[in-house]
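Heads up, there are several structures right after this.
Two complexes, one shared chain (subunit A), two partners (subunit B, subunit C).
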Partner chain A sequence: MFITIFTACDNNSGSEKVDFDREAFLINMADNVIQPSIESFASNAEGLSGATNSFNTNLSIESLNVLRTEFKEVWLSYQHLAFVHVGPVSSVNLRDRVNIFPTNTDLIEENINSQNYVLGSAANVAAKGFPALDYLLFGTGSTEEEVLAYFGDPNLGENRLQYLTDLVEDIQSTSNLMTEGWPDYRSTFVGNTGTDVGSGTSLLVNEYNFQFDIRIKNAKIGFPSGGNPRTGGVVSPQNVEAYFSAWSGELAEEAVKSSIAVFKGQHYNSSEDGLGLDDYLDAFDARDRNDELLSRSIINQSTAALEEMEKIESPYSEVATTEGSQLVNVYNALQAVIPLIKVDMTSALSVSITFQDNDGD
Partner chain B sequence: MNNLRLLGLALLAVFAFTSCDEENTGGENDVNYEIPSTYEFENVSYTGQTQRLDMLEELTVYMKTANDGTVLDAQTMLDMYANENNAFSKAELNDADTKELENKTVEVDIEMFQAFIRDFAAATAEADGGVGSNGTPGVVTSPNDASKNYFFDAKGFEHIQLIEKGLMGSCFYFQGASIYLGSGKMDVDNEEIEEGKGTAMEHHWDEAFGYFGVPNDFPSNTDGIRFWGKYANGRDDLLGSNEAIMNAFIKGRAAISNKDLETRDEQIEIIRNEWERVSAATAVHYLNAANDAFADDAVRNHTLSEAWAFIHALKYNPNQKLSNTEVEGILAELGENFYEITTDNINAAKASLVEAYGFEDIQDQL
Partner chain C sequence: MTVTNWLPTYRLNQAKHIAPLATFRVAFGVMMLASIIRFWSNGWIAKQYIEPEFYFPYYGFEWIQTWGDPGMYILFAIMGIAAIGIALGAFYRISAVLFFLSFTYVELIDKTNYLNHYYFVSIIAFLLILVPANKAYSIDAWRRKKQNFYVPAWSIHIIILQLSLVYFFAGLAKLQPDWLLEALPLKIWLPSRADTPIIGSLLDYKVTAYFFSWFGAIYDLTIPFFLLWKRTRVFAYLTVIAFHFMTAALFQIGMFPYIMVVSTLIFFSEEFHKTLWSKLFPQKKQDLSISDGFVTPVALKYFFIVYFGLQVLLPFRFLLYPGNLFWTEQGYRFSWRVMLMEKVGYTQFSVNIPEKNKSFEVFPHQYLTPVQEKMMNTQPDMVLQFAHFLRDKYQREYNAEAEVFVESYASINGKGSRPFINPEVNLAVIKRGYQHKNWVLPYNK
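This part shows the complex of A and B:
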């Protein structure tokens, strides 16, 4: 038998004054988290562009491997940037523009054959970005030689290289738009210190939730593994992120690590801990339903999910072939974070969730 | 659900509340707010759910005309399934553009139901009012009761049951037990009250309740019970699920309005577990009926088709006691031709269910 004691009096509605400098919090997020994340993505996108050019001029196993490595770097850095999907990151629609998976390999081949495509068109969201590169650089052959042969094909090789180049240029131009747009947006972001819809705090909290709930918990884990109830428990291993390169685990782990870092307001690429959502919650003395410090619960539960991920050694596409696999444990661990961030955190900070898992009533 | 929470349920959880006004209502409640005896709250609305129950009812009425030898039109049924082309006789349903059965069916089953519908229509066309038997689709009448006549396909499957009871599982139960009580619908705003609908969380809870198909003063009143409400009531003597489920819906709704999410989560567990028991016990009930009428093609195939659907539903609960593979295994025990099923097949399916749900004491009374 265990006993839980509730205290109903200390209702921190968020309307009362607390000792927290919201502007300092937004400045830390802007200058030490978001901006360096955009910069890192941009420099990795440069690397990808350069490697693509080299690959174009000289098809070799060596240039292919350099290209793959650069590709992985930028895909990893995306995982962090997707958590701060505000301002120019949001206006380029980063998530939908570069990371819609599963990719549509038939459509990619159709585009390559027809040479008639507009990558920016909505019809092509599943034929571009990282998942499309994943297919081109890994899914077109089971060995490096086969992938080279795919691009060296006497008939279609040129078109294929062109498509590859176009995909990378699209990522590069997305990156440029974000870099260019950031300085202007920064002042708007740090200047709006309220918690209304559209304020920096509201955007951060909403995007944090969206990325965690919809893009990590559901898309990366819940749908392919059958863990999400909407699947009816049916597995779909072909729906994992990075199906062809088998980087799904590394990318997902990076995503959860990024979530913790962003939550803590940790400076990008350093362990220095700035003012983050955790400090904000602590200023309210926000508690979870077991009366633990909410910030601590969020970090602990996210870390527990990460630990479940680290237990998995095989590619997610293999793990997900089995019903009730270890991925379902990951899903459940991620799910346990959701009430903490989507209900308890938003309520403590008086922020409304503006997105819906919208499938009508 | 995480194991800790289940463990918490297994142990007896006692909640002591300290309230500001030093007033403890005491009594039967273990919480410090009022829990009404019926599902009467402010701002309750679940018309969309009621409309979907109405839609399945109309579809079923149409399908049942096959039992009198009518040839069915696949498009009419597909339209009712997807609420297109003014398929319903009730204008209100045709007007409810966004409400349909199809887009609320668990996605992986939509094609199965569409295929059931097409196969059903094709079988009625092939039979063209004729009598059915092993290998021939058509109407089969019970030799013991001339009022019992059912349309079976060539393998003895009654599509009406596969579709009607199947959608109870893949749509109503899936939405009510899995989706509307799940994170996507429960980890939502509970502050802003919309007139007539309550908070988002309250509204979603009401919608889950709407899929259960009972009046708000159930079970003291059983008038108008439909679909799951009817089947819960049918097994209530042995399961006691009526009150368990109803009380949990009422208590959970009160808990949400009082921001007591711990209590809400306990009620979710109760609803999910009890609702699943109703489906499993109903399946065992029909397997028993099939055994009892083993030599009667009409009644045996009819009850087996019901059982098939209630077993299939067991997939759609986050707390499911059987994995989907195990559920498929039980369905496989029933085989692909109900005219050729053996008592061993039926008993094997029954034994798997009895073991999984702990029905040992009531397995033959169900």
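This part shows the complex of A and C:
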């Protein structure tokens, strides 16, 4: 019986197989994508800490500008790290810990006044991290002098500097935890070549999708612009990322570039193309609805979204009020990626989201 | 009242030794107890029946709701005690009724957790209520100081028939082009299990997926017959063991393989089971007087005719609906369609309140567990239920009419995502029920 079945279906494709070195993929993601991303974030966080210290000791336009530059660097490197939200990055809960926006300026001022706050508490998620720094370093004055005056205030200046320092320390300690936690996690990550819950592949894919859909498409673009046609186009420009520094566009573009880089398994430091999700999908010969290689469709569609973003010159907060349709174009282009990654990619790699029993129906 | 001695009736009423039924009773009870302990210790009672904010009840069973904490634990404890009662044959009917009710109640709380395996357990528990499996080798017999080793033949045959139907329909469901000609979804699933010890490296080969597909289909269609036939029984049973252990190693299907491995023992002969029992309980002089036949109440007879008639018809009810079964899933459940497709979906909800000129984008993950969301994304009736939940929630909050729209995509067997539910349809005004869901877009090639 066995033999008949075997030969009955054994057409010429008998030796065809999924030829993919899953371990090499995980090692590439670990050593050339995730680890350098953590390191880069860490060194930028160091830079931010140093610049904060200098600013503390010497309030000047110069030290403010150094601080702002360092701040931008670390915020940009966050965009990449948020796409590999696995292991220690996930256990410190990076996204929620450092990048909840819009920030709550009232709460920040209240904390500063009362000096009675625990940054780690749930109540303060919208009063810390990059968006809070964005407010302190840009939103407290329309000119550099005004910002300096804010920190130099005879009554509250010291409290304000303290809050600034605390915010930066929180970022620094988040960064330290990730750096320390990585070596241990690495072996777990590369050791499990399956796609069960908790496996490196499953985590990577699920986090990638979450970051793309919820944190980029919706948070960075959809909310402020009312991009989703169903939201009736209600715009809320104050909800953009980096509202005060007006870096929204640069950060969002960096995020989409990072998504493509991570997808390709591109080495963080050299941009060399390593084994990535694209190669994984190709090994399965995964195709989209139109029979195009799925990896190509994802890259092409993400690139199209990036091109829509590059057309925008002004800060998103302005665009959202005055030229809504441009951001809506971005939103639509990003939305076109979502089914490809959340449905097609998830399906092709059959990554699990649960340990629960399942009979595939 | 006498029943006519029509041959099948006569056969079914013949006295048969209870041993096969008693083995089945014990095996089933023990497996259920083990399943409950496993479920409990995995923390799934809380995760599936206490923590969720929203549940997906079956149409017409909305009155079935979670008992919360500690209610659900109490319910599972009752279920566990009832399973022990079944295994030991202690207060057997009450135990069987309690087990059936508690188990079925839990399954009806949330569609998310529907598994063919659970449906199987429910109906077997139901059938066990109707058979006198506690007449011997049981606490009840010991309590009553009366062993009765003979039961009507039908009480064993209905279990065999039910098991056979499960296999056969599972096999029938596999006779379709994706499964046979493209080895889908196994071609997607098996390589993802390439980290499995020993056989892992084989799973990357396409031919392995074809082999498993064809073998699985033929196995399901024929195994009941090979088990029934004495000459092939032992070999068939070895195949049962091999098949189910293989599926246990490859897929997340929990206790089911083991339940089937012990359940199918009922296909073995009376002699086999008698030997088994006599090793446990050596009998001085076995067997009391043999009665030559039983009289089955006519009502029960007609009940079984209707019951098995339904069992045969239910898997075909999908024919009443237009469209692609895998896409609309109209008539998909309760039909032994096991491990049949790789389906993934994505749904984005938006709620409009025209009167207040407000619109919201809603993320299901704020209300649903990851598993609930995953299941909902591929099953239109669940999307509708969640849409109604949102409608009610927003209408309460804003005291005005709410509209609910979705943008959704799904893919079957890795053939590319395509639009799933009509984005132009306001789901708030769509009624639930068994009527055709014309708001599901047709599956376009």
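Heads up, the rule we're going with is that the second predicted complex is superposed on the first by the 327 of 361 C-alpha atoms of A that agree within 3 Å, B and C clash if a C-alpha of one lies under 4 Å from a C-alpha of the other, contacts with A are read in each partner's own complex, and residues count from 1 in each chain.
Convention: a residue touches a chain if its C-beta (ideal position, glycine included) is under 8 Å from a C-beta of that chain, and two chains touch if they have at least 3 such contacts.
Worth saying up front: this structure is predicted, and the values here are computed from it rather than measured.
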item: Which superposed partner A:F355 touches (first subunit B, second subunit C, both, neither); value: second
item: Contacts of A:V18 with subunit B and subunit C, given as first, second, both or neither; value: second
item: First, second, both or neither for A:D288, with subunit B first and subunit C second; value: second
item: Which superposed partner A:N192 touches (first subunit B, second subunit C, both, neither); value: second
item: Winner by number of subunit A residues touched, once subunit B and subunit C are compared; value: C
item: First (subunit B), second (subunit C), both or neither touched by A:N332; value: first
item: Subunit A residues contacted in one complex by subunit B, in the other by subunit C; value: 1-2, 5-6, 8-9, 230-232, 234, 289, 335, 338-339, 342-343, 346-347, 352-353, 356-357, 359-361
item: Subunit B-touching residues of subunit A, taken from the complex the two chains share; value: 1-9, 213, 226, 229-234, 289, 323-324, 332-333, 335-336, 338-339, 342-343, 346-347, 352-353, 356-357, 359-361
item: List of subunit C residues in touch with subunit A within their complex; value: 42, 44, 47-48, 113-117, 183, 185, 188-189, 191-195, 204-207, 210-211, 213-215, 218, 251-256, 332-333, 337-346, 348, 350, 352, 357-361, 363, 370-371, 374, 405, 407, 409-411, 414-418
item: List of subunit B residues in touch with subunit A within their complex; value: 1-2, 8, 11-20, 32, 48, 98, 103, 106-109, 170, 174, 178-179, 182-192, 203-204, 207, 260-262, 315-316, 318, 320, 323-325
item: List of subunit A residues in touch with subunit C within their complex; value: 1-2, 5-6, 8-10, 13-20, 22, 192-196, 214, 218, 222, 228, 230-232, 234, 284, 286-291, 335, 338-340, 342-344, 346-361
